[in-house]
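Before anything else, here's the structure in question.
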């Protein structure tokens, strides 16, 4: 018994890796279908987009790269789903260099589904280096900051960009971000200066940092991690990658809890046994 | 080059004017509260710097993580192993990277005295010359300029996880006795801290990126939380001017604390005017 | 003048952009916009500097025939290859650049991110031992939030997610705001020291 407890107390982390690997992968093959409710910040995200008049122009800044794909790509797709359904015109920018190809795929896929036309219903302006400077520069002039789109077409020749000078010509901003530059910078540099509606989707680890902004109303909605994506997909009415990942996340969290529990049990029992031996 | 710079700014004629309304004001009245707050903070910092310059002894509480840096250097020297200093993944425009460079200079000065190798992997090109200069100055301040090895300040990759993988490689191959993670970190923080833990190194981390603090707290021996990173330069160097600045910002925090308590009490009795002072349009 | 010129530039730039926040005058804003445009260009040139730096550092290493030379050669070949195919054939969907990006870069980066799931589990197992009152608070709160923020929490108790949300919105937020305020003050102090030249470690010796 003591040997078992010592084995658990000093457990080789590779056993933990093995169990986590199984906990994440098995539910993907054998879904459990556990239901969940939608939280207020996610409802706020959905409602803010829903309130925008049909046909309006929205800026969507996808500030992430492939590392955050599992959490943020489902949000991007679901947001495009909602926006295209409302015939909103989507102008996409990226402040992370590896973002444009990922977003281009999402745009092309959703455009095909909703029969939207590039240049008329949406445009991918691509990546621009400069971080907060780019945001502030867009406040002065978006065409000057992004003179061409991702494919090199001058914005003067793109129909959706006609009449778009700066943030005043946009209904709102949807920001999907993985870190810096991202939501905090959009709040500080843009929302605070231009008072435009801003909603954010971010990784689960960043979401707690943005709760203050949601509480103060600087963010009208917030999606946090894959759970946020799944809740949002539920509102939009799609069974996307976020929803499918929920079972794996549930089981893996339970697995971590199980290891914390047995680790503490082993620790306390061993401490008691050592105390008895000393006496 | 100037022509190409000009072309880069104006590739196509702008389709519309940059600003349709003009403003002739020289001060935005809606931001008077922010201005006043900044003035008060600046005044406090300058006041205490002047006080420190006059020789007043300023008390700073013990910060375990910073004391541990000296302990880490000593341990690395005994074991004959290098020290790994990771200054974060952000550029020089991030104040945490600036603070990290300041600490790096102090660490380099300590390390130079013991002749312990100091490895500094860098993510961004702008940071590389600053890191080189900080370390070189540290060695010169310790009177050991000949011991400075430029090759130990290594540009790895500007791609976040390639950088993390590179540092993991350094940790697993060169087995530093101490890992110092001080600066701005993001998702790679746990990857670095866990790999460092597996090599048995003593680890001190510090960041003002709140979302990464939990990972450092669970995986490292000591963690500098938020402003402790900024206090480090004053703490390690004990230079009066820097201690004065630290004191000034502490007093500013005291004023903010008082305002928070007063505001909470007043709001509890439905008195709103105090809260309105802090509203920023 | 080696140190004086950077200090003057730092002071002028720092003071100007602080002033920009408070001065709504159109002329002033135009100057700020122009300087922002210059900044974008300068930062963009950092990529050129980065490529040159990577090439120089790795070529030096290859010439000295260090033990990691094969990896450095692969790095330079890949760098040159991706730059060439991107410039010659473009980066749009369907190009060679895009194929390598989607089939090699994306899985590799996703893999590194995926490691976090395993590392979090092993770090949690190691760190959440209830050795003290604070450790107990940490472990219990972590477990409650962890379970409450996934659907299984709601399956166990229907208000679990609301309770986890309360933990995030009240005690967590209070602590986070405190750290945010402290960090912001530290950043203001460090920024002021750099702007007025009190802090000049990064510029070299006096």
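For reference, chains read A, B and C in written order, and residue numbers begin at 1 within each chain.
Operating definition for what follows: a residue touches a chain if its C-beta (ideal position, glycine included) is under 8 Å from a C-beta of that chain, and two chains touch if they have at least 3 such contacts.
Since the structure is predicted, the reported quantities are computational estimates derived from the model, not experimental observations.
Comparing the centres of all chains, each the average of its CA atoms, the largest separation from chain C belongs to A. Chain closest to the overall centre, judged by the mean of its C-alpha atoms against the mean of all protein C-alpha atoms: C. More C-beta pairs touch across one of A-B and A-C than the other; that pair is A-C. For the pair chain B and chain C, the distance between mean C-alpha positions equals 13 Å. The distance from the centre of chain A to the centre of chain B, with each centre set as the mean of the Cα atoms, comes to 27 Å. Centre to centre, using the average C-alpha position, chain A and chain C are separated by 17 Å.
Residue positions of chain B touching 2 or more other chains: 9, 18-19, 161, 187, 210. Looking at chain A, one finds that residues 13, 65, 67-68, 131, 140, 144, 208-209 touch two or more other chains. Shared interface positions of chain C, i.e. residues touching 2 or more other chains, are given as 29, 33, 37, 44, 46, 109, 112-113, 120, 122, 124, 126, 128, 176, 180. Note for the complex: chain C touches chain A at residues 29, 32-33, 36-37, 39-40, 43-44, 46-47, 91-93, 98, 101-102, 105-106, 109-110, 112-113, 117-118, 120-122, 124-126, 128-130, 139, 142-143, 146-147, 149-152, 154-155, 161, 165, 168-169, 172-173, 176-177, 180.
Contacts from chain A toward chain B in the complex involve residues 13, 65, 67-68, 131, 140-141, 143-144, 147-148, 154-156, 161-163, 165-166, 178-180, 192, 195, 203, 205-206, 208-209.
Of all the residues in chain B, the ones that touch chain C in their complex are 5, 8-9, 18-19, 22-28, 31, 34-35, 38, 41-42, 45, 49, 92, 95-96, 98-99, 101-102, 105, 124-126, 128, 130, 133-134, 136-137, 140-141, 154-155, 157-159, 161, 164-165, 187-188, 190-191, 193-194, 197, 208, 210, 213, 215, 217-219, 225-227, 229-231, 233, 241-242, 245-246, 248-249, 252-253, 256. For chain C in complex with chain B, the touching residues are 18, 21-26, 28-30, 33, 37-38, 41, 44, 46, 49-50, 53-54, 57, 108-109, 112-113, 115-116, 119-120, 122-124, 126-128, 176, 179-183, 185-194, 198-199, 201-205. Remark: chain A residues 11, 13, 16-17, 19-21, 24, 34-37, 39-40, 65-70, 98, 100-102, 104-105, 108, 128-131, 133-134, 136-137, 140, 144-145, 150-151, 204, 208-209, 211-212, 215, 227, 230, 246-247, 249-257, 259-260, 263-264, 267-268 touch chain C in the complex.
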